[in-house]
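First comes the structure, then the notes that go with it.
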Amino acid sequence: MSPGPYFERHAQTFVGALGRLARRPLASALIMGVIGIALALPLLLQLLVQNARALTSNGADAFELAVYLKPATEEAAARTLASQLRGRSDLAAVRLVTATQGLAEFREHSGFGAALDLLAANPLPHVLLLTPAENSRGSEALQRLQSQLKELPAVDDVQLDTAWVKRLQAMLDLLRQLVLSIGALLLAGVAVIVGSTIRFEVTSRRHEIEVMKLLGGSNAFARRPFLYSGLLYGLGGGLVCLTLVAVARYRLDPAVRALTATYGQDAGLIGLGFELSLAALAAAMALGWLGAWVAASWQIRHIDPT
Amino acid sequence: MSPGPYFERHAQTFVGALGRLARRPLASALIMGVIGIALALPLLLQLLVQNARALTSNGADAFELAVYLKPATEEAAARTLASQLRGRSDLAAVRLVTATQGLAEFREHSGFGAALDLLAANPLPHVLLLTPAENSRGSEALQRLQSQLKELPAVDDVQLDTAWVKRLQAMLDLLRQLVLSIGALLLAGVAVIVGSTIRFEVTSRRHEIEVMKLLGGSNAFARRPFLYSGLLYGLGGGLVCLTLVAVARYRLDPAVRALTATYGQDAGLIGLGFELSLAALAAAMALGWLGAWVAASWQIRHIDPT
Amino acid sequence: MIRFQHVHKRYANGRQALADLSFEVRAGEMVFLTGPSGAGKSTILKLIALIERPTRGEVRVAEQDTARIRRRGIARYRRRIGVVFQDHKLLEDRPVFDNVAMPLVIAGRPRREIDKLVRAALDQVGLLGRERDRPLELSAGEQQRVGIARAVVAKPPLLIADEPTGNLDPQLALEIMMLFKRFNDVGVTVLIATHDHHLIDAAGARRIELTAGHQAEA
Amino acid sequence: MIRFQHVHKRYANGRQALADLSFEVRAGEMVFLTGPSGAGKSTILKLIALIERPTRGEVRVAEQDTARIRRRGIARYRRRIGVVFQDHKLLEDRPVFDNVAMPLVIAGRPRREIDKLVRAALDQVGLLGRERDRPLELSAGEQQRVGIARAVVAKPPLLIADEPTGNLDPQLALEIMMLFKRFNDVGVTVLIATHDHHLIDAAGARRIELTAGHQAEA
């Protein structure tokens, strides 16, 4: 078999598959739509988680740990401790609020005003405000950090700024779990959809395959058109998916802006980016090809002409 | 046509459809699986929103509004205002913290201790802590409430307890939008899946339908088996969906408990309940029947024997 | 029973299958349709069964202008005609019994009656005992006979058959032809397209000969 | 070329189609296979084309024990045999040209060659000019001839045909039989199952007569 006819045959088969899809545009579009939806959902959720994480790392104030030093601690010792902590890899920033600064801030905000001048001594301790490094913001990491800090001799108490942190973290954890489960389900779904579509196509072209086999066509020969169909379904589904993600991004943008506004920011949704889009497309095509390969191989091997 | 054979025929057709599904168990299971997944996702997300809402209404403290009265306000006037506010339908609870109570609390928590006894006058204002009614916790409703309260003559300032409220609300809004979009997408997906499955079945049994029509079978006669197939796909998909929801509930429960723990509660996920489960099942069957009806009617009308 | 008047049939691809054809088959008659391959025999039978529609001219069947029968009426109309198809048109995934029973099931006959009639029909084509076989497990001639049994099972007043003995050996072909004759004897109108001149001679019935869509009555 | 030795064939449903059948067809011979409906003619051709396997006994084709040919070898083996099927086995959604070209496409022949060979084959069965029609737009006899063109297009050394003239009028049947004879004249081994005794007489070739799976050489 010369390479000429071989290539020619592949090209012909590909065009044939394209032609078949085009001949029943509604059905093809529907299948691609379903694949697109199934691929878009995990991407959308991933996008959500990604954006939520970006938000919470911008809104770093939410992650502050307040370390209250023992009342007896000298300011110099507090400074030393602060610079020691700055060496830790799991902390992004360390800010020292000395007792004097604290009192000054309190005077401004509390409404007690000059009344505080009456105090014999400053009752406030020095406080270290810590921002954990980005990779140490999980609720477990935070708790570990908290207990480690508590054991330092100079430290009186360590408090997470608000329950908000824990809640957000727990929510993100939940969401991430959800994304993983849903993503796995839906990717399996895509393979199943392509597979069962191809399976039906093989069934509905059973006669044709029988005839091909009777005339001396190999299984590979009979399978080829279906592989191209699968590839095309994947490609179409991938394009639908990217479109859906783009539309969803556009539609959800106001809601996200409202959310970021609560952090005093004005940032829209982060998109998929070119590389991830391309990867999604490639994955869709690979899934389509694979689903088709499995379904067609299995079916065709079991078609025996009579 | 006597009613006997008519019923007999329906029963036979139903059994026939069941038999066809059973004859290719893998394919049937896969299709039902896909339908189940597609139905389960919106239900799961709905469950999530529902649970989130339940959580935030239990964790009512998160929703407190602090109303600072003008320093000159008498305690009696503060009490009058409090009981006036209790009459509002958009408030669930109103707690008055008088300046004296405030100072006592402050003395306990701030570390200033006896130092405060030196103060000539209590610098704190009376404060009203408000819990909005459940239906007035949207961020808009809260803002409206806030600006209304600010206009009261006795009021100095109104603060939402933390930014947390806004954030949670914004997140819930986002999630609700997401659920609506995803739910609509997926329900359409189910109809499409059933429809295109039936479409393929009709195609692969095209010869049979042609023969039936040649022998004087009406379109309705040819369509009947496919309607039963659609119904069965729906039923199977619905059962898969309920199973998936139950499994997901079981798997997500720890994460949700971790989340509720941050509210100092210990509550797992709220389930679907019997009625909603039944409704989901009925909806699945209806979708299956409908998808089959549309696909089969359309296809069968266009099969003309030659 | 059947009357073609100036019937023309041009298929969608432009091929002229029938040109100004007129003939009549009276109720109770038995008539053969002959002519070379591609002369238009199957086309005539398809016009009668409403599988195709004439381009021009009138096709009357049982005193009814078939042009008047629209979509919804076709099913009922076809139930009154028994058709033997040139390519059998059996359902390959259903046993012989179900195939033969199909016209009765469609007509909504009760189970007992169906049982009896199907057995009788299979007996007449020599296939009693093969009820549970599937068409693919039958030889071509056996399949053809199943098709014949299905056409006669509901005892229709009009029977049309397209090359019903093409896959049968001469002796069996004669038997089948005698079966058609027996139906004709009890009043059924029979129209058969065939190439087999010996059978026509044996049956001694009228013959309509076609050449390229024209009649050449012999 | 073909040698059956004590071949038995019992189908899965228990039906005994062939019982202890032995015969030989020498290379370059032309042989007819006759016998009543259900005698086992198609079964023999199916054993040769490896569509079925014998229950017992040996089927040798072209000096090769067919029992030795496993899954992967079947495709290549079939490419060397031209088969005319009793039910045509055409692809209904492909034009006549594609149907006839199929064996050449499968063999990976270049486009130009395919074009030439397909036209030549269609010419031989009298269907030149119908390349773009689809099988459903052909009469039964025309379909049968497309099947014959497909069987001969790749010029296989062995040609087997199952009732190739069942749907043809007597004159066309004779022409087709002469076509097979011409192939036989240039060295192709030909085995034809048929009911048509006139044709056998006309072709004057050897005849193997079957009765219920047994040979009854005449």
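A, B, C and D label the chains in the order they appear, each numbered from 1.
Convention: a contact is a pair of C-beta atoms (placed from the backbone, for glycine too) under 8 Å apart; a residue touches a chain by one contact, two chains touch by 3 or more.
Please read all numbers here as calculations on a predicted model, not as lab measurements.
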item	value
Identity of the chain that, by mean CA position, is farthest from chain D	B
Inter-chain centre distance, chain C versus chain D - centres from mean C-alpha coordinates, in Å	28
Chain A and chain D: spacing of chain centres that average the CA atoms, whole Å	61
Inter-chain centre distance, chain A versus chain B - centres from mean C-alpha coordinates, in Å	22
Separation of chain B from chain D, taking each centre as the mean of its C-alpha atoms, in whole Å	66
Per-residue overlap in chain A, given as positions that touch at least 2 other chains	306
Where chain D touches two or more other chains at once, by residue number	none
Chain contact topology (line, ring, star, complete or other)	ring
Each pair of chains that touches, named by its two labels	A-B, A-D, B-C, C-D
In the complex, chain A residues that touch chain B	27, 30-31, 33-34, 37-38, 40-41, 44, 48, 110-113, 115, 118-121, 123-125, 139, 162-164, 166-168, 170-171, 173-174, 177-178, 181-182, 185-186, 188-189, 192-193, 195-197, 199-201, 203-204, 206, 244, 248, 251-252, 255-256, 258-259, 261-263
Of all residues in chain C, those that touch chain B in their complex	46, 49, 51-52, 72, 74-80, 83, 85, 89-93, 102-103, 105-111, 150
Contact set on chain A toward chain D in their complex	1-2, 4-6, 8-9, 207-208, 210-219, 221, 304-306
Residue numbers on chain D that touch chain C, as the complex places them	11, 13, 15, 34-38, 41-42, 86-87, 133, 137-142, 145, 162-163, 166-173, 195, 197
